[in-house]
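Here come two complexes built around chain A, the first alongside chain B, the second alongside chain C.
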Partner chain A sequence: MATPLQLGFQDAASPGMEELVHFHDHALMVVYLISSFVLYIIVTLVMTKLTNKHAHDSQEIEIIWTILPAIILIVVALPSLRILYLMDEINNPHLTVKAFGHQWYWSYEYTDYDDLAFDSYMTPTQDLIPGQFRLLEVDHRMVIPTESPIRVLITAEDVLHSWAVPALGIKMDAVPGRLNQTTFMTSRPGIYYGQCSEICGANHSFMPIAVEAVPLTHFEDWSTSMQQTV
Partner chain B sequence: MTEEKDSDERKSFKLLGILDVGRIPCAREAVLHGAGGALVAGLGHFLLTSRVKRSFDVGMAGYIVTTLGSWVYCRYNNAKLRIQQRVIQDALQNKVLYEGTNRDPSKKLNGSSSGAPD
Partner chain C sequence: MLASQAAVRGLQRSLWRALSTARCVQAAHGKDVSADVLDCSQPQYCNRPDTPLPDIPFVRNLTADQMKLKEKEKGPWTKLTMEEKLALYRLSHELTYAEMRKGTNEWKTVVGVILYFMGFTGLVVWWQRVYVYGDVPQTFSEDWVEKQTKRMLDMRTNPIQGISTHWDYDKKQWK
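Here is the complex of A and B:
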């Protein structure tokens, strides 16, 4: 989860998010170099004693400041396109979970299993126990096995919502009447939090997402106990 | 224990307030190489031509080129290493899954044709 005053990304918990973080580092280095160059030019301009009121054109500098930005764009665009197509790869999911957005909670269905579906409401602040996170905890988390490709089908029952988990590098709109698909894989066990990312009414800020990644044996125990409960 | 914890918690140091050279892999090395390249290029140009302003310009160009070159080289090697790590990890997982079955890769290498499936 995010910590107070955090500016950067959360630690990556999926290979997709790792790739996004690496691309971001690359783009940031390019931005840093351009910023350094601009800062240098500004300082030089301010401190120079040279003036030329009669300059009309300069073919050399025109060529430089046409070719150089094109090269910079290629240096940024090639890794960007690579990761764009990487994110769209279909990787034979082991499990499919359906996430439904409601006003103002999420519900999950595991249709690979018989009769496994539940609602996921935010835990009210007054009901939190010490150590739990305000506005992020839910009564029933979406549990998934680690190291397994998971397909999530996302839709909404009423208005637009958005299912987002930053640590996994996922954000997908929940649109009524439309089924959006995303796939991911968690590299390590843990609980990953997200929040609804499309304005959906009064309690838009109070319908979080909590994904709990557990080893496969624990997941099977959980699914069995949930089916018996439901 | 303490030493391991210290090495894991790298200090954050942001250049121009954006580039965290403490935490981003290859960033610190790239910037240091860039500084060295800038020094060599700028100083070398000055020693050859005695032109101060132009030498600063050459130094700046040297900084950008060296930093970018070092960054691309280090990140490329870093990416190759990560891919190799993933391939090895997959191979280890598959070895455990398929050991003793027809799909065991080590059986194919030994030229064994028969094997009871699991």
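Here is the complex of A and C:
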């Protein structure tokens, strides 16, 4: 989850997010270089005492400032496309979870082995235990095993929603009448929070997502106990 | 309340616009306000640092004394006194380079007005905080933030470069 006054990404909890973080570092460096160069040019342009009222054209600089941006774009595009195709690779998920967006809560179904389905409502602020996170805690988290590829099928029951977990590098729209698929793998155990990312009405800001990644045995115990309670 | 505030702001704005374009205020800041009707089909005199020799001299209609000086200028320049040289300069140019580059004091007025409006905005923000906004949620209390931070550290949130890397788990204190 994010900490106060945080500006950058949350630490990656999946290999996909790691790739995105590194690409962002690379692209941001390119952006900083271009911006500082342009700023330098503007400052020298404004502050100079030199005047030239007869500058018409220059073939050399035109060639340079056409070729160089093309090279820069290629330098940015190649890693970007690499990650794009990486995201679409076949990875044989161990588990499929279905996430349904409702107004204004998520519901999850684990139907690979048994029938497990439950709703996930936000814990209201006045019901929080001291130390819990406002607007992020839910009554039933989506529990998954660590270090296993997970497939999530996302759809909505009423209006558009979006299932997003920044630490895992996932955001996928929940469209009514459509199944969107995304896969991820958590590298380490923990609870990863996200919030609905498509405006869906009055309580759009109050339907968070909490993904709890636990070792496989714990996941199996949870699955058994959830089935008995729900 | 809001309507009267808007009316006051509108008045201040139109007042500033009227003032800043008023000739007396511009003249007070040292701007040259003598520009009357220009006939742009004729060569113009201009004071520009990048044009050392304008199209026409500044003084077109010379008095008798000035014409005599112009005749003397046709001879060797070593015979001209300093005052005569300066007078000849002022005949062909209105301003020296130093005078052209001097600048005005307008920026002080602009900065002053900016600061004034920033102060006024601060006043409005303070008033909102005191008279409009309610209490912040209970999760902002010191006790809650402490428990919350402890929970984040226990959960090992952001353990690569974030908050959990700043906590020494053995000594149980911040690094």
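Here is the rule we go by: the second predicted complex is superposed on the first by the 230 of 230 C-alpha atoms of A that agree within 3 Å, B and C clash if a C-alpha of one lies under 4 Å from a C-alpha of the other, contacts with A are read in each partner's own complex, and residues count from 1 in each chain.
We adopt the following convention: a residue touches a chain if its C-beta (ideal position, glycine included) is under 8 Å from a C-beta of that chain, and two chains touch if they have at least 3 such contacts.
Computed from a predicted model, the values in this text were never measured in an experiment.
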item	value
A:Met1 touches, of chain B and chain C: first, second, both or neither?	second
Which of chain B and chain C A:Ala12 touches, first, second, both or neither	second
Partner chain in contact with A:Asp25 - chain B first, chain C second, else both or neither	first
Which of chain B and chain C A:Leu33 touches, first, second, both or neither	first
First (chain B), second (chain C), both or neither touched by A:Gly190	second
First, second, both or neither for A:Lys53, with chain B first and chain C second	second
Interface residues of chain A shared between complexes with chain B and chain C	none
Of all residues in chain B, those that touch chain A in their complex	15-16, 18-20, 24-25, 27, 30, 53, 56-57, 60, 63-64, 67-68, 71, 75, 79, 82, 86, 93
List of chain A residues in touch with chain B within their complex	8, 15, 18, 22, 25-26, 28-29, 31-33, 35-37, 39-40, 44, 48, 147
Chain A - residues contacting chain C, complex	1, 3, 6, 10-12, 51, 53, 125-126, 128, 130-134, 188, 190-191
Chain C residues touching chain A - in the complex, by the definition given at the top	49-50, 137-139, 143-144, 147-148, 150-152, 155-163
